[in-house]
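Here chain A shows up in two complexes: once beside chain B, once beside chain C.
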Partner chain A sequence: MNALRWWWGILLTFALLGIARVFLPLPFMNEVVIFSIYAMGCNFLIGRVGYISFGQPAYLAFGAYACAFYLFYFGTNPYVGILVGVLGGLIVSLLIGPLFVRLRSDYFAMVNLALAVIVFYLTQKVLVGITHGDNGLWFLTRISSTPLLDLTIPSHFFIFSLLLAALVWAFYKYLDDSIYGACCLATKINENKLQFLGYHNFSIRLLAFVIANSTTALAGAMYAVYLGFVSPEMASPSRAADPVIVTILGGVGTLFGPIVGAIAYTGMKDVISKLIGNWELFIGFLLVFIMLVADKGIWGSLAPVLEKWLFRRKSPDSRGHD
Partner chain B sequence: MSEDSRSVIIKAEGVSKRFGTVVAVDQVDYQLYENEVAGILGSNGAGKTTFFNLLTGYFLPDEGRILYRGQDVTALTPQQRVAKGMMRTFQLTSTFDNLSVTDNLVLAFFRAHKSSSLWQLLTNTCKKHRKDEKILAILASFDLERVGDRLVRHLGLGEKRRMEIAMAILAEPKVLLLDEPLAGLAESEIKGVLDVLRKQVGKQTILIVEHKISHVEDFLQRLIVMHEGKIIAEGGYECLQNPEVRKSYWQIDATDDASAAAGAAS
Partner chain C sequence: MSREILSVKGLNAAYGEAKVLFDIDMSVNTGQIVACVGRNGAGKTTLLKSIAGFLKPTSGSVTADNTLLSGMKSYDVAKFGVKYIPQDKKVFFDLTVRENLELGSYATKDYNWDQVIAYFPKLRLLMERKAGHLSGGERQMLMIGRAILGRPKVLLIDEPTEGLAPGIVAQLKSTFREISLKTSLLIVEQNLPLVCAIADKVYAVKDGRIVAELGDKESISVAACERYL
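Up next, the complex of A and B:
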């Protein structure tokens, strides 16, 4: 029953996103889908392992630039580019992870922010020779057409990113149900006990760090292919809170949270920025409101109501997500 | 290993631990025998828990060695000691409050009987192990069946304590080290926890740190009393009549009536 329900949920969500494509502009939908992948990584870190990171743009940039370097200097196949981007993120997080995951959550947040600042200046000022600084790398025309799903066509790109998002979602759903997922929740609140049960906190956290940041790098690589362009703006520390905001907006630790958050955030940005100039101010107030009133976020607050309404039964008190 | 029931399983040799200028544990020698039920008693601040933490690897001693079945384990991490068969609980119940009771047990079970390799953790689901016979059996024998699906944070203290001990027992360790398993429990809950522990007597070596003697009366086979970081008495319950113990534990002078000691103990 339970299994049926979540499969229905995910099919419905992605079907709705697919249908929404008919009514809503394609760039908006693409933005939503990529952003939700971006937020899924962040959501896993915050909700499962208890690590808040204000440096996600750094990993986004690792993926985007790895993909961009490939497409600008070496090849033309966008699929290979995305793969290179993910590998780039994976390798970087494997290298710096052992240093970062030893830190407590608050220091972890700050050290990642510092990393974002470093990456921003590296791409903007230091490595100008290969990154072209603020001008960025343009490679839209270099991306080759591929059979079946041609990523140079926005509508094809949408189908591809939707499929990929569903895949990433299913992967995180699987992680949630695995013993590893339980270990992550356990290390989040009681690492001592986990250690005295004989588990290795360090390797559990390192793996979570690598998984989450490779997901972020995947989103970065998808941005790169979608826009055909990368610039240091991607790693800008001023965008550091974006994925965290989306995660909180959607509902920390819930599986649908990143998707709902990405829709809400991108939607607000698009709609409100057309109505009022300072849309970010509005989002700021909204976030304060959410923190004070509904700390479970949009999905976290809606889910129990929806479940009751749809299934006419009390939500079972099973595994928690916070 | 030797079949002799008196063979030593854990041995501490001249173990000391200082915190700044305070000597919490002072040159303690101690032997824990296989399959016995032993206790460490003492008033608050006597060094019981610190000594216990040294045995389990929570702290490293400043001096001395800890031996497990003759092998030096002083420098081993808690995980390595767990792998050798030592399992502890904590004074303030230490559980995973954001997981269900069953999933807490699954985590304890999985490490002990399967593996802690990441690959195994990733390729096994909790669901698959929730219905494992051993987990169902322990839920039943600890009277936790009713609350199996409930998040631990919604449990009462007694249930939590029972669950923490269940987790330790589920791992089937050679030595069960329990740090004040009865602290903060109501009388009825204490009986429940002791009933559960009685089932383990003879199967495992059990070492209990306890503050209140009345709780563990007629349960321990051998005990030590600690005071200011040293062992001041060792043996059966009769050693509690030792004047030094009575003085340190209850501030009762040797001349006082023995019934006063019994009164203070309860």
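Up next, the complex of A and C:
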């Protein structure tokens, strides 16, 4: 029954996203779907492992540039490009993960921010020969058409990204339900206690780091294919808080949080930026307000109300003590 | 036939410059319940942490089943079968009872929960409840139940009855006896009547040293233990 409820929920969510495409502009919908994938990795890190990372743009850029290098210098198939992007993020995460996951949350946040700064300057100044610096790499016309879902067509890209987002969501749902998901949560709650049971916290955190950042790299690669262009701006430290904001806005540690957060954040950005010049200021105030009145985020606050309304029964936990 | 399962020889431990344990010698045999008694600050918890690998001894050795544990990481000590149940009863409060037990099962590859339910039948009714919503006694049951998965060689239990209702303490008393048939227990406890009821051997710890060893049932009494507190 519980599984049915979850799958029903995600099917409905993605069906709604598909229907929303009829009423909302395609670029907006593509942005929402890719951003929700971006936020899923961040959500897993914060919600399950307790790691806040302000360096997610760096992993986004690793995925985007790996994909872009392939499409600019070597090949034309966008699916291969996306795969190369994910592999790029995976390899980088495996290389730097063992150094970073030794740190606790505050230092982890800062060292990742430092990484974003490094990647930004590497792509902007140091590796200009291959990244073309601020001019970026343009390869939209190099991307070849593919059968079935042609990613050069935005509407096809939307279907592809929607399917991919559903798959990524299902993967995180599986992780959350697995014993590994419980291990991640346990290491967040009390790492010492987990060691008492014979678990190696380092391995648990490293795997989580690699999974989350590979997801972020996937989002990066999708941005690269969708836009047909990458620039150092992607790794800009000024955008470091974006995935964290989306995660918090949606509801930390909730499965629907990244999707809801991405819709809310992209929507606010889209609507408010058309009305007000300094839209970031308004969003800043809005976030402060949300933190004060609903610290569980939009989905975290709405979910219990919706569940009660839809299923008309209390969960076993809400009964309190016998 | 009882044999030595845990042996501590010449153990010294310190927190930075502050030396806490001095030349500790002790042993636990199979099927035994061994208790450590002493005042607060005597070094009992430090002793358990040193055995469990959470505190690196400055010198001395800890051996379990002829394997040297000193120098092993805490998770390797637990994997080897020497498990520590800390005093604070902090289970993984965001996880359900079932998930807490699954963590124990996954680490040990022992998915037979019948033994756990046999010792603590109440846990069966609480499977889907978040561990953070359990009472102190239920949490203690969960921690012990989770720890006995995989049939560890030795359980190191820190103050198991602290803050528990007398009814729960009485239940734990008989449960410890049953568990000790398969797993030896080294318990740090201030509840002297409980210690005297279940312990096969008692070590009195004072100022980081073992000041007495009551090695047989006849010599273990509340009065005898109190002499060293």
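Annotations for the structure displayed:
Following the convention adopted for this analysis, the second predicted complex is superposed on the first by the 315 of 322 C-alpha atoms of A that agree within 3 Å, B and C clash if a C-alpha of one lies under 4 Å from a C-alpha of the other, contacts with A are read in each partner's own complex, and residues count from 1 in each chain.
Just so it is clear, a contact is a pair of C-beta atoms (placed from the backbone, for glycine too) under 8 Å apart; a residue touches a chain by one contact, two chains touch by 3 or more.
These numbers come from a predicted model, not from an experiment.
Applying the stated clash criterion after superposition on chain A shows that chain B and chain C collide. By the touch criterion defined above, A:P147 reaches neither chain B nor chain C. Of the two partner chains placed around the shared chain by superposition, neither chain B nor chain C is touched by A:G277.
In the superposition on chain A, A:G198 makes contact with both chain B and chain C. With both structures placed on the common chain, the touch criterion links A:G129 to neither chain B nor chain C. Which of chain B and chain C touches more residues of chain A is settled by the count: it is B. Once chain A of one complex is fitted onto chain A of the other, the partner contacts of A:N190 extend to both chain B and chain C.
Legend: residue contacts after superposition of the two complexes on their common chain; A:L207 is shown touching chain B, with no touch to chain C.
For the contact definition in use here, the residues of chain A common to its chain B contact set and its chain C contact set are 179, 182-183, 185-186, 189-190, 192-200, 316-317, 320-322. Interface residues of chain C facing chain A in the complex, by the touch rule stated above, are 52, 54, 73-76, 78-79, 83-86, 90-95, 99, 102-104, 106-108, 125, 128-130, 133, 135, 146-147. Every residue of chain A that touches chain B in the complex is listed here, in rising order: 175, 177-183, 185-186, 188-190, 192-200, 203-204, 207, 316-322. Every residue of chain A that touches chain C in the complex is listed here, in rising order: 179, 182-183, 185-186, 189-190, 192-201, 316-317, 320-322. Residues 56, 77-79, 82-83, 87-88, 90, 94-100, 103, 106-108, 110-112, 116, 118, 120-127, 129, 149-151, 153-154, 167, 171 of chain B are the ones touching chain A in the complex.
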